[in-house]
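Labels run A, B, C and D following the written order; every chain starts at residue 1.
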Amino acid sequence: MKIHTTEEIVRYHETDKMGIAHHSVFLAWLEIGRTGLMRAAGHSYRKIEKDGAMLPVIEYSCRLIGNVGYEDCVTIETWIGELKSRTIKFEYRVLNDGRLIAEGWTKHLCVGEDYKYKRIPEHIADALKEYVKE
Amino acid sequence: MKIHTTEEIVRYHETDKMGIAHHSVFLAWLEIGRTGLMRAAGHSYRKIEKDGAMLPVIEYSCRLIGNVGYEDCVTIETWIGELKSRTIKFEYRVLNDGRLIAEGWTKHLCVGEDYKYKRIPEHIADALKEYVKE
Amino acid sequence: MKIHTTEEIVRYHETDKMGIAHHSVFLAWLEIGRTGLMRAAGHSYRKIEKDGAMLPVIEYSCRLIGNVGYEDCVTIETWIGELKSRTIKFEYRVLNDGRLIAEGWTKHLCVGEDYKYKRIPEHIADALKEYVKE
Amino acid sequence: MKIHTTEEIVRYHETDKMGIAHHSVFLAWLEIGRTGLMRAAGHSYRKIEKDGAMLPVIEYSCRLIGNVGYEDCVTIETWIGELKSRTIKFEYRVLNDGRLIAEGWTKHLCVGEDYKYKRIPEHIADALKEYVKE
């Protein structure tokens, strides 16, 4: 399978009084990871939404193994753990300088503009296939 | 004039590595102040938007005089500096335990769902009048 | 067991272009829930940190069942799923108007100012006991 | 004078129910702009803080001229409006695809770890000089 890789720098406002990136910031990085994967697969999430399909998060989980501080660079690795007709599960690893910082996953449900379930459009599912874990 | 007063507790994720609330958090508090004022005046901003008028921020300014830390209580005082047919300027003071922490203002333009300028609906302007600075 | 209950209003900046509270905002609410529980138990988290113990999040999970929008009121119910000598697991339910919106949990590790593991101070563990799930 | 330029992509959680980037997000971009300028001048803000000088924001102002939406690219231009012995004023322009979106400035005071005023260290002031507006 292919793994999508993207990098972000820790912003000042993302740190907290402990001096490290707040645990909620990891969700922003996972979002950057999966939307980067979609863009790399030829279907930006902006375009997907414009075409009438939304992929809201219905569940997420994250395990924090290490810390990162201000101006550290994080590498977000993203792939797809499961691709079904109406749901998709992204999996992630966050690293800093080769050191594993966090592991996580997010589950998404495909809905239309009426917020009713719908199948993930076929051309999008096709484009995502090479990122699916064997 | 009437002044609207509301209170908020500093959240952990709102602090930064300096150990104090990040300067951008004050904008969240000003937003809570002015939407609280509108609700107290009988027109919640949610209802105003549902009725087809939006009041996006077109300019803001904030002067920070003191710091607040985690779990500190901030008091936000809000009133209206200027109320015109299509714009409105809110003014604010943020206090902690009687001590002035920040002063600021935000300017808003009334637009419709098409993002074109429109007059602030009369019944809303009327309800806001008692908060306008003499 | 006792359950701690607290309420928050959805802020404008917490919504996203889908028109609902972004999934990362739930972590802010869980944080407000557990720090409210600690305060109710007689030990504010600010005080706990001042006394040299920190409880960083080491894992979290959240399942979103419904949506909330701007100015909706969320009720956060918090209790303790597991209390060990050096770790603590908080569990949460988030409701809107009696309707279940989300369920989640967070795991925390007790560390000292040197970021090394330490036992949760006994007087704090004692005070939290009545919130532990049987 | 030199102008520092950096680019950022609008994140999903940075949009609000109006469908555009929330006005508070501009402060995050200005922060990225000025810390990018400092890094380009040879003194990362992380290093400056480690060396015992902090530059907290004491005042800010921003005028919003246009909107940006999800996945839009913003260009942040940063230069220095005023450089005094103990204060510094950064000025900014935010553009999207050549179109001016916002103009703003932030004022900073140099303080030590004891939060008392101090002179901006000379080697830092020297390095910043080429970014000062004539």
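One rule holds for everything that comes next: a residue touches a chain if its C-beta (ideal position, glycine included) is under 8 Å from a C-beta of that chain, and two chains touch if they have at least 3 such contacts.
Small disclaimer: the values here were computed from a predicted structure and weren't measured.
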Chain whose mean Cα position lies farthest from chain A: B
Which of A-B and A-C has more C-beta contact pairs: A-C
Averaged-CA centre spacing for the pair chain C and chain A, given as whole angstrom: 24
Between chain B and chain A, distance of the C-alpha-averaged centres to the nearest whole Å: 34
Chain D, residues touching no fewer than two other chains: 12-13, 17, 24, 27-28, 49, 69-70
Footprint of chain A on chain B - complex, ascending: 12-13, 15-17, 19-20, 22, 24, 69-70
Contacting residues of chain A [partner chain D, same complex]: 11-13, 27-28, 31-32, 35, 39, 44-46, 49, 69-71
Sites on chain C touched by chain A in the complex: 17-18, 23-24, 27-28, 49, 54, 56-64
